[in-house]
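Paired with subunit B in one complex and with subunit C in the other, subunit A is shared by the two complexes that follow.
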Partner chain A sequence: MRSRFTALWLLLPAALVLAALFAYPMYQLGLISVLDFTQAQVSGGQPTRFVGLDNYTRLLGDGQFWSVLLATVGFAAACVIATLAVGAALAVLLTRVSRIPRLLLSLAAMAAWAVPAVSGSTVWMFLFDTDLGFVNQLLGLDGYNWFYGRYTAFALVGAAVVWAAFPFVMVTLYAGISAIPGSVVEAAALDGASTWRAFWQIIVPMLRPVLAIVVIQSIIWDFKIFTQIYVMTRGGGLAGQNLTLNVYAYQQAFASSEYGLGSAIGVVMMLILLAVTLLYLRTLRRSGEPL
Partner chain B sequence: MRRVLDTLAVAIAVVVVFPIYWMVLAAVKPAGEIQSLHQRPWTLAPSLDAFRRVLAVNDFGRYFLNSLLVALVVVAISGVLAFLAAVALTRFRFRLRTTVLVLFLVAQMVPVEALTIPLFFLVRDLGALNTLGSLMLVHTAFTLPFAIWMLRGFVAAVPDELDEAAQLDGASRFTVLWRILFPLVAPGLAATSVFSFIHAWNDFLFARTFIISATGNQTLPMALLVFFKPDQNDWGAIMAASTLMTLPVLVFFLLVRRRLVAGLGGAVKD
Partner chain C sequence: MRLRLATAAALALTLTACAPSTSSPSGTPSDGGARTGTLKVWLFDEPNRAPKEKVVQEAVAEFTASHPGTSVDVQYIAVDTRSERFKGAFNDPGSAPDVVEYGNTDLPEYAAAGGLADVGAIADADLTADARASATYEGTLLGVPWYLGVRALYYRTDVFQELGLKVPATLAEVTTTARTIRTKKPELFGLAVGGKYTYAAMPFVWAHGGEITDLDSAPARAGLRAYTDLIKPDNCPPQQCADLTGGKTVDLFASGKAAMGILGNFNRAAVDAGAAKGKYAVVPLPGVTAGSVAPAFAGGNNLGIMKNAQRPALAADFLTLLASKKYQARMYDAMGNLPTLKSASDEVAGQDPFVKPFLDTIAAGTKFVPLDPGWGKIDAGAVLPTMIEKVATGKATVEQATADAAQQIDAALTK
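On to the complex of A and B.
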């Protein structure tokens, strides 16, 4: 088992798959983003042409790109904050309740977690349907269409996202809090610390590594949401008002056949998430996790 | 105080589970009640009409099997490859080991959605557009980094002495790997499989991109969108189809709930 080459043989299959379907496409993405690559090139009618950074300058000069970028950041930020707030609040709540309510809440959260994004999207659409939606009927908002307004549509998609995403935060933070020895908190209480103070000055600092992981995972997930936006707003909303970078790149490539431009958007997205990932790695290292 | 919090927790649980309840309820409501402008949160005349419509008229069973086939193949291949790689990364010390680990971690962060464009051309050049194979291929790759990262913890938990003892007794490498390590890591593999399964089962983007004209090879998420009509959505059918798509994952998830959390803890903290 300990021969030097055994490790290589064991790694080889996974490495080959990842090289072919991760590394090579990433290289291709970069390549297409500096080419003039539209329908004519795809069908083979015209040769591809190297255009340097033309696709990027076109993007940066495009008002819609900036508006989409801003919307993506804003939407992701709102989703992350809401997910963390709900997840953390419920994790704390779980530590304070009896066994049966705790079981019920974690089962409910697990169920929401398990619902596929497409099914979740359709259910939220039905709940908020203009005429037949339960919410509109309950609130007496007859004939109100949530998808007409840019912000109401984003809010609704955001609600569906948070509903599916908070369980991960809740479960992870609850596990983290449960791992803190009760004696630590008791000692603080004996020393006269209030519950509030014990929470902020003892529990939160001890949870910092877990918190960092949860925050960064949420940022990465919420930044690249595709299914909910695509399904709920029918591909980006009225006149593209609900586009995010991901959906925008997809539409540029597959709806408008602007593959070069779509790839350039993909590269921009990749760079932003790479920056977040580096932050993640730094946090991991700082928390002293051996790899 | 405790009683107030208990009530609050139960109330929140009800709110969280409500959309799922509403989905299943709408799926078994008779057509007349679905069209009603006064939706009631119960039904006195449950019917399976919507399921019949979905399964018989729209051949949903076929899409269900397509989805299942893709997900199972992904689980099997990605599980075996991840197991081998995880053994390499925990049982051996070699140069670049940390680099490889960091690469797998970074791969988890790659927005695979951004790779749709190059992967579309790759699959097209392989002549694999419109086949289920194209979906199996990409999802095997996408699930690998996380599966390796998660399995690493489970392999590391098996004491070294065990495979050393087996080797002293003359067991071959192959035997150590498949007869000794594999069964011991199996519970971890089950937890990892859930994630791979769900990833492949839920995929909407790549199914939409790769399966263009061969409608017979569609998977569930795409087939579901057929029921969205510009004028009048058939909500009963949409909810029945959504229920069919959700059930397997839900059952799976609740069954391995505890192991899942343990595995996540391992993947996150290890």
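On to the complex of A and C.
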């Protein structure tokens, strides 16, 4: 009985911080999403009005919302898979190479990680510029516009996203792999397991907790992608072909001062991400040892 | 662990929200406020601000000389983030400026937010009717138009001479001339056009008799078709032109890559800084019939007084001075901004022939975006560029694209 109270006491500071930082903003978000709340209401020009689920019905009834949602899910999935593949491959590579190459690779990755998203996106945009871009000059593709086609534009933005996101995955997984006792891998090798098999059946299962964090982080980051799309496709691409949910929310709601609608989009995004994350955690739990 | 992960996930997807608090505007002090102290002024920052700053400093010196005990604090705010700054000023009367410069398309949004004071009493009677209309919202004059900007047709005199071309007299001739140039000189774009260059596309729509509020009508569709037909390989290929902004077309014309461009009077300095310097002339963009002018978009900036200004009487005096004929003429000399006062624009026209095609364009009648708070939403949602780009890239027909845009515009406009 006493230990139960102790646990609650110890939880209290964290709970207070969480309540202040999350519960209150989330309550406000939910509240605004059921109000007619535009700039006129914020500055007191007009009274605030309760509109019930109007913002939600407006959003869900908008055909563009669904196509943007679909594109966002597809784009985020591709980015997560690519980021994990590149990050994991390089993490394994880091454990195999000698000190100097390891240092160089780490430094290069850190540099990519440290570049602010806006600068990074702008540099990528310059590299692939239609007339003056380095890539077009190199390939002799003068006048080829990479952002004209929907999929080439998405692929290019995806490359920039992966470039900025893989260092986190690489470093985290490298730390995880380094923590695996050498004896375990050695034992597997002695039993005749190939490198490939040892990776999938020894290293990956032991990395599960680390992998879970990395995957969830990647899903959340890539689903909420904003900067790269906004900068590289100049706010959503030709005729809005490269819009993702966050850019769409910004364009439809915040730039237009429709805070009620924007909050509704925020709530919908939060629910989707929460569902995806819980589903993923559940699958992990079902398929193996508890985390 | 599972709970902790879920918490971490919730942490990462936190969305910040602003409290739905509402501030009540403090209102103008009825006695006109203090007659001494510091007057706070917000003006727009410009790529080349020094000449503007110099003229403003002259005005400040004249103002403080005639108003003892006052000083003027001028802040230059970035155009890109003006919306946030203004919203902040509306919400927090304590830090709001007294006199503000704002873009005339922003008027309905600011007016609906209740942030601007009526300036009908101090506006000069000499203001041109178009200028006055562009600052009037629901019958109230909420700003004094400070300067105008309109676009006209810039063309390269050397290219026209070499190919023996005549200056086009109708919109159809603009198209044929552009194609001829591209055929004979494939390294040039005939007329630089862009999918995101709404203010070049709208004159085509207006010239054919269409309006922003009835884009799915036959005349509006004819106008849009005329514009999007220019985003074709025989003039300006979609690969290169479908996503061009107005600014990019200025670069193309200035750097000598386009033989014609629809540029503003305010783009003169940019063109003179490029390869096209000294090799171009300007005419009003022609309309559908010979001798007519395609209605231009009446861009420009107004000077206004904030509703929660602390010193409205002083603000009115300073605004009157800055918007006076004398300082409008000086702003033209410094920045090329077209005066809104008829007397000042007559004076400028007499001194500088460059300005004539632009004044002719204004005299022929200009058009404006719908004066409605919903316009901000249409603008932010990129409804018009999306419509143009859909047609230019072949994603939709003119009929489909205009029907979609008309529906979105109807939904956004409140009346």
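Assume the second predicted complex is superposed on the first by the 238 of 291 C-alpha atoms of A that agree within 3 Å, B and C clash if a C-alpha of one lies under 4 Å from a C-alpha of the other, contacts with A are read in each partner's own complex, and residues count from 1 in each chain.
The rule is simple: contacts are C-beta pairs under 8 Å (C-beta built on N, C-alpha and C of every residue); 3 or more make two chains touch, one makes a residue touch a chain.
What you see is a predicted model, and the numbers here were worked out from it, not measured in a lab.
When the shared chain is aligned, no partner comes close enough to touch A:R197: not subunit B, not subunit C.
Looking at the shared chain after the overlay, A:I213 reaches both subunit B and subunit C. Looking at the shared chain after the overlay, A:L90 reaches subunit B, while subunit C stays out of its contact range. Contacts of A:L21 after superposition on the shared chain: both subunit B and subunit C are touched.
When the shared chain is aligned, subunit C comes close enough to touch A:Q41, but subunit B does not. Shared-chain residue A:L29: touches subunit B and subunit C both. Between subunit B and subunit C, the partner in contact with more residues of subunit A is B.
By the touch criterion defined above, A:R49 reaches neither subunit B nor subunit C. By the touch criterion defined above, A:Y144 reaches subunit C but does not reach subunit B.
Touched by subunit B in one complex and by subunit C in the other are residues 18, 21-22, 25-26, 28-29, 32, 131, 209, 213, 220, 224, 259, 263, 266, 269-270, 273-274, 277, 281, 291 of subunit A.
Interface of subunit A with subunit B (complex): residues 1-2, 4, 6-8, 10-11, 13-15, 17-18, 20-22, 24-26, 28-29, 32, 90, 93-94, 96-98, 100-102, 104-105, 107-120, 122-124, 126-127, 129, 131-134, 137, 142, 163, 171-172, 175, 209-210, 213, 220, 223-224, 226-227, 230-231, 246, 249-250, 253-254, 259, 262-263, 265-267, 269-270, 273-274, 276-277, 280-281, 289, 291.
On the subunit A side of its complex with subunit C, the touching residues are 18, 21-22, 25-26, 28-29, 31-32, 35, 37, 39-46, 48, 130-131, 143-145, 147-148, 209, 212-213, 216-217, 220-221, 224, 234-241, 251-252, 255-259, 263, 266, 269-270, 273-274, 277-278, 281, 285, 290-291. Contact residues on subunit B toward subunit A in their complex (touch as defined above): 2, 5-10, 12-14, 16-17, 19-20, 22-23, 26, 34-39, 41, 81-82, 84-85, 87-89, 91-92, 94, 98, 100-102, 105-107, 109-111, 113-122, 137-138, 140-142, 144-145, 148, 163-164, 167, 173, 176, 198, 201-202, 204-205, 209, 220-221, 224-225, 233, 235, 238-239, 242-243, 245-246, 249-250, 252-254, 257, 261, 264-265, 268-270. Those residues of subunit C whose C-beta lies close enough to touch subunit A in the complex are 1-2, 5-25, 83, 87, 90-91, 109, 112-115, 195-196, 237-240, 242-243, 245, 373, 376-377, 380-382, 385-386, 389-390, 393, 395.
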